[in-house]
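All chains are identified by letter, namely A, B, C and D, in their written order; residue positions are counted from 1 within each chain.
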Amino acid sequence: MADLLEQGENRLEWARTHMPVLAAVRKELVDGGTLSGVRIGMALHTEAKTGVLALTLKEAGADIRLASCNPLSTDDAVAAALRETHRLQTYAHRGETKEEYYENLQKVLDLKPNVVIDDGGDLIGLLHTERTELLEDLFGANEETTTGINRLRAMEADGALKFPVFDVNGARMKHLFDNRYGTGQSTMDGLMTATNLVVAGKRFVVAGYGWCGRGIALRARGMGAQVIVTEVDPVRAVEAKMDGFEVMPMADAAWIADFIVTATGCKDVVDEEVLQNVKDGCVLANSGHFDNEISKPALEALTESSRVAREDVRAYAFGDGRTVYLLADGRLVNLAVGQGHPAEIMDMSFSLQALCAAHLVAHELEPRVHPVPPAIDEKVARLKLEDLGVAIDALTPEQDAYLHDWREGT
Amino acid sequence: MADLLEQGENRLEWARTHMPVLAAVRKELVDGGTLSGVRIGMALHTEAKTGVLALTLKEAGADIRLASCNPLSTDDAVAAALRETHRLQTYAHRGETKEEYYENLQKVLDLKPNVVIDDGGDLIGLLHTERTELLEDLFGANEETTTGINRLRAMEADGALKFPVFDVNGARMKHLFDNRYGTGQSTMDGLMTATNLVVAGKRFVVAGYGWCGRGIALRARGMGAQVIVTEVDPVRAVEAKMDGFEVMPMADAAWIADFIVTATGCKDVVDEEVLQNVKDGCVLANSGHFDNEISKPALEALTESSRVAREDVRAYAFGDGRTVYLLADGRLVNLAVGQGHPAEIMDMSFSLQALCAAHLVAHELEPRVHPVPPAIDEKVARLKLEDLGVAIDALTPEQDAYLHDWREGT
Amino acid sequence: MADLLEQGENRLEWARTHMPVLAAVRKELVDGGTLSGVRIGMALHTEAKTGVLALTLKEAGADIRLASCNPLSTDDAVAAALRETHRLQTYAHRGETKEEYYENLQKVLDLKPNVVIDDGGDLIGLLHTERTELLEDLFGANEETTTGINRLRAMEADGALKFPVFDVNGARMKHLFDNRYGTGQSTMDGLMTATNLVVAGKRFVVAGYGWCGRGIALRARGMGAQVIVTEVDPVRAVEAKMDGFEVMPMADAAWIADFIVTATGCKDVVDEEVLQNVKDGCVLANSGHFDNEISKPALEALTESSRVAREDVRAYAFGDGRTVYLLADGRLVNLAVGQGHPAEIMDMSFSLQALCAAHLVAHELEPRVHPVPPAIDEKVARLKLEDLGVAIDALTPEQDAYLHDWREGT
Amino acid sequence: MADLLEQGENRLEWARTHMPVLAAVRKELVDGGTLSGVRIGMALHTEAKTGVLALTLKEAGADIRLASCNPLSTDDAVAAALRETHRLQTYAHRGETKEEYYENLQKVLDLKPNVVIDDGGDLIGLLHTERTELLEDLFGANEETTTGINRLRAMEADGALKFPVFDVNGARMKHLFDNRYGTGQSTMDGLMTATNLVVAGKRFVVAGYGWCGRGIALRARGMGAQVIVTEVDPVRAVEAKMDGFEVMPMADAAWIADFIVTATGCKDVVDEEVLQNVKDGCVLANSGHFDNEISKPALEALTESSRVAREDVRAYAFGDGRTVYLLADGRLVNLAVGQGHPAEIMDMSFSLQALCAAHLVAHELEPRVHPVPPAIDEKVARLKLEDLGVAIDALTPEQDAYLHDWREGT
């Protein structure tokens, strides 16, 4: 246990050292006092960077409860250090059953939160179904990921959304970096660690060319792969093609794929038809929020026998001689195998989270999905540039006027 | 003259051969009859791809007048072929004076257009100032480029905009390809043709990390350069940095720049301070719409003598021993030196133009800047995929339902 | 122990599944009988791919002893499975002392080997110094790595080399892939796993632009870094520059480096002067064979206190407020942190090793460093293409004649 | 004519300004006097950079005659300026017949050269066949390109070579840059200028993965293409695959190719079988030395009618509805359409040429193909680094000793 605590503390310390933007935000929040006494319920991947966010909010005076937003993504060492060393109310362990997972979310809600920080929309979902009694104490929520935002947009369209939610995922300082370069790096890291297979020269199929998918595609190419993209959106398909990737339907790609990685936010992307075609030895992995992008029922239906091939790799032997390998049981490979997104990436995402939480406390907003205020985006960007030691240009008054004057022509 | 006509006709034919999406749109417009008898005034770079658009609209039954949207971007061979062989009313020649330029725009407006297709906003500007008598016949306009849209947004903010304008530049099938990959390729082509200098290993400064700037940065890197980006927007600056580029203020970049290319839509990006610092031998070029991104007054103020160093290259010798080279007199290097964007890129942009023109005729719209309808974007994308022979996936009804159901969670 | 054995066996099985070229070679060697009864002493990184090579040679009838060629690179699970399950004489564990390391090499030599497979030259060194009595039984040796070859070239120049040695490292199917893409991927994997830091946008310094260095530089760029190369060879320096990298002396690079990775085969590349300059927070790692590329004496001389910051990461706090992080105690990060080169890469390298070992048995060679026969290189390449399902062109007789006819001109 | 002379002079001046290494070499040769009175016969592409080399040798005191090494690659403006303004004996014009081409070579040989600088081996060929009487005055020759070296190797193998020849092509400062990055950039520039077609998203086939081919493949990818490589060498084929390119036989690639570019040094690479398969609209171009890589007889045999589609583009209509486009009549597209390699690239190649010519005068060498002395390679590299302002590291005496000491181990 002492070892676990030390390991957890080391990871927290390492993350904190590499989150300078959040450090600046922390100083401001501590000084400002906006979050003093505010109850914040959080469901995020319970690992080191999330720990630093939770401790930041706590240092700013908030009362915090934290659960995991995914049964497989908790870092037990970090959870132990948060709980034991930092006395933060943390309800998460790696490998939760579905029941335990929901029990933990309920415990977070038992705090009667004023602000909710969600990732995937499960906390917000509960607040609209089983825990509607909590709505009166709630100022609003932040949502971290594409999948959660898709659910919130559906709620908004149904007229079901009862409180304001910040689309943190939509902030430029979030999706341009976290979804793209965070997911890109952590997915490749997870894949390479899990398989020790070479990427160079392989046919690497990426399902989905959203921000996550293009990050994965870019990094797979950066490691030397021939990348194939599958899409349902025709504009994105043309874009992937012009970005130099091959584009084809997944059922065609399966014949030649060495790796298939899903990042769509949709279910059954690798379904029975795809698995019927899939090449012997293909490695399947998912980087999307839920573990339903690769259909495990379809996989099991085709399987004669399965076994652990390596840590985090299960081999499924089909009756016809083919074997395919599923990583991390289809859960997000970047968190289940690796250590999640790099600290400096989460530094930016979580600085947005902290500033949006404070904004929810300080402003009354309508019950809909709100974009992150541009001033918050820009603030995080300027703090990041400052930390990087990068100076940039500023418009002169004459240039600014020129850009707003429609009369000046050729 | 016969030679010129043949050359122009060859270029038109070559472009037409490589614009299959517009061919499909043409067939539809000819069959549909929407544009029959409609008067369309156009100000676009008068070269082969524009010629194919103009002839397309003419074949669809419209009455067309065409001028150039830039004094240096006309291809005289194409203009001759349009005028003589195709009897299209074309008012443009390469190297127009400012007076000739505006005279040609006026001639286009003398058509009393129902629809205006503009690039840079000069036609639309005239309609709001000198030619307000024409507003009653006008259904609306399309605007092709970022600079024009910036001016229109300023007009809209002033409450000055008198008719609906489609932001064609904002369509995904436009800016993702035309601004990024069109500008990227044609700028590099223009630079290499004008200078015959190696790009690999050079310090290549790109001013502006909008869609054009990132296309240039990507292609310069693709040719082996070390790319430095300058920006005024802090989020874009962080993005450029995370994309692996160096980021710094222009006045600092000038000390080490081998090439400086501007793509900002703003004036005086290379100003006196920058030129004070600029390295001996630096090549200056502009890919933005107007020729004021590199300040020629500032350049001339520092210059002791200037001379033609090569075709399209002028050497400016400063008193202190430094010489800098300005390409194409600071006008957009991709059109003034090269042949503009590749045909297949303009195929997509001009298919949007044709479809938006028809939409303006068929629908009454409010006097503001309108986004291109997603159905038009998607249609162009599907036609392009069809031409490429690329099939893509489609959502199953179950997947579609899943994406709109906010109740299903972990 | 059962767990360890199972884990080791899984890793061996996984590697074997992904080493199809060696499988073809194995079949040929088993059928041919060349290695029957031959005694082979091996010093290689004792992990899964090496295990498959050792078992291959054993299946071909050879008598094998295996030690590790680096005190930190043994995979204990694989070593256990080799020893217990496969009854292979294996003398290696992770974290050997220098004494244990040399004891293990001596045990391998006690086999009185006919053939030696070495990696770094320590076995071959012992055969020339302490164990010269074994020379009479020895047909020759293979050397796997650049560092070993450098030592052998020095021996050859001194007239000291007593038996033939194949420069396996110099084979095209070895250094083009193993040194470049093997080292490139495994180094990045090790770095990302050890640090969980983002690579994109970082200043990443690579010392040495040999085959290993250029692999690392390429992959670091592929993950989004701004890469800086340091070199002592002026031609390579120009090449790195034209490849788009920044080039500068290490002492200058240190000021701005976020990561420094050495891959030179030389000692004290990061020395006291470099460490005097190094930026606070810099991560130091080595991918070269020996742990003397980053000078640990110099590092300790500057250090006030050090501590474990994370698994495989030690933080060195200088008196002046700076902290730097050394990975894996300066030993090769790709093997000490990660799992070494991907299986498919080692498949090619180790197929060369097996074929060269057989060649040493079947042919008498002079006591010097020999290039791998082109026919062996080509054979491995053709087997690899066959496994990949890639067909290539062949010269027609007319083309072949043309290429050898100097009389045909313009 | 005045215009032509001025244009030629401008191009010479521009090239000279961008050839700083040759400037340093020129100073040394002028001061040293080695070339004083030496007769040098040259057959190189007669354009601006070659002009600077010829004038350099002249300024160093040599007596020079220059012809072109390819009937289509002369820049007439430069040739005029050399002849009229600089009084250099220049025998070359663009579009020479085969007879004129050989007459010009003969005129160069009439100089009774002491040193020959050849490109492609035609001059050297004549000296071994029709002009053997000149051998007694000849010290030796330099050969510039892979094709010429292939011919010389064949001569050497036949025992036919009568004088020493420097393999300038084999120098590191030559083929790493000129063949790879020179050919890469100039080929892409030529292709884009000739066609104005987009490269991004296109299937771009490169025949040959030697130094030229890999430069073209890299730059085509850098412009966004999906690149396919064809090869006859299995090791290079594996390398291309691991570099992330698709590899297949040319006859298969033809079905899907948008562009096919040959760079093999071999004939009939695009032969009748390939043309039978080729996709409608495919663009064919050659970057190899001779115009026989794409078989024009095979092309004409399949053609029903052909016409000029654009400048430097001929359309061949097959009977079956397909049309393919051949650039520059199959001659090297980078010189025939564009302006050849960038000046800074030729600066390095021609500095080697000048130093090797001086070396031939100063040293008596055996009649065989000689590698360029490493000291010359290194000298050019150091001059280039100096011009770039790039400093590099140097080995300490301790490091140098370490690299030569085989006794120091783990």
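Simple rule for what comes next: contacts are C-beta pairs under 8 Å (C-beta built on N, C-alpha and C of every residue); 3 or more make two chains touch, one makes a residue touch a chain.
Given the structure is predicted, the values throughout are model-derived calculations rather than measurements.
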- Just grab the chain with the largest centre-to-centre distance to subunit B, centres being mean Cα coordinates. C
- Result of counting contacting C-beta pairs for B-C and B-D, higher pair: B-D
- Query: subunit B to subunit D: how many Å between their CA centres?
  - Reply: 36
- Query: When the C-alpha atoms of subunit B and subunit C are each averaged to a single point, how far apart are the two points in Å?
  - Reply: 51
- Among the residues of subunit B, pick out those that touch two or more other chains and give their numbers. 181, 198, 200-201, 221, 224, 241-242, 388
- Quick one: which bits of subunit A touch subunit D in the complex? Just the residue numbers, please. 198, 200-201, 221, 224-226, 241-246
- In the complex, the residues of subunit A that touch subunit B are 69-71, 98, 101, 120-122, 125, 129, 150-152, 154-155, 157-158, 160, 172-173, 176-177, 181, 230-232, 234-235, 237-239, 241-242, 247-250, 252, 265-268, 290, 348, 377-378, 381-382, 384-385, 388, 390-396, 398-399, 402-407, 409-410
- Note on the structure: Counting only contacts in the complex, subunit B reaches subunit D at residues 7, 10-11, 13-15, 17-18, 48, 181-182, 184-185, 188-189, 192-193, 196-201, 219, 221-224, 281, 308-311, 313, 338-340, 342-345, 388
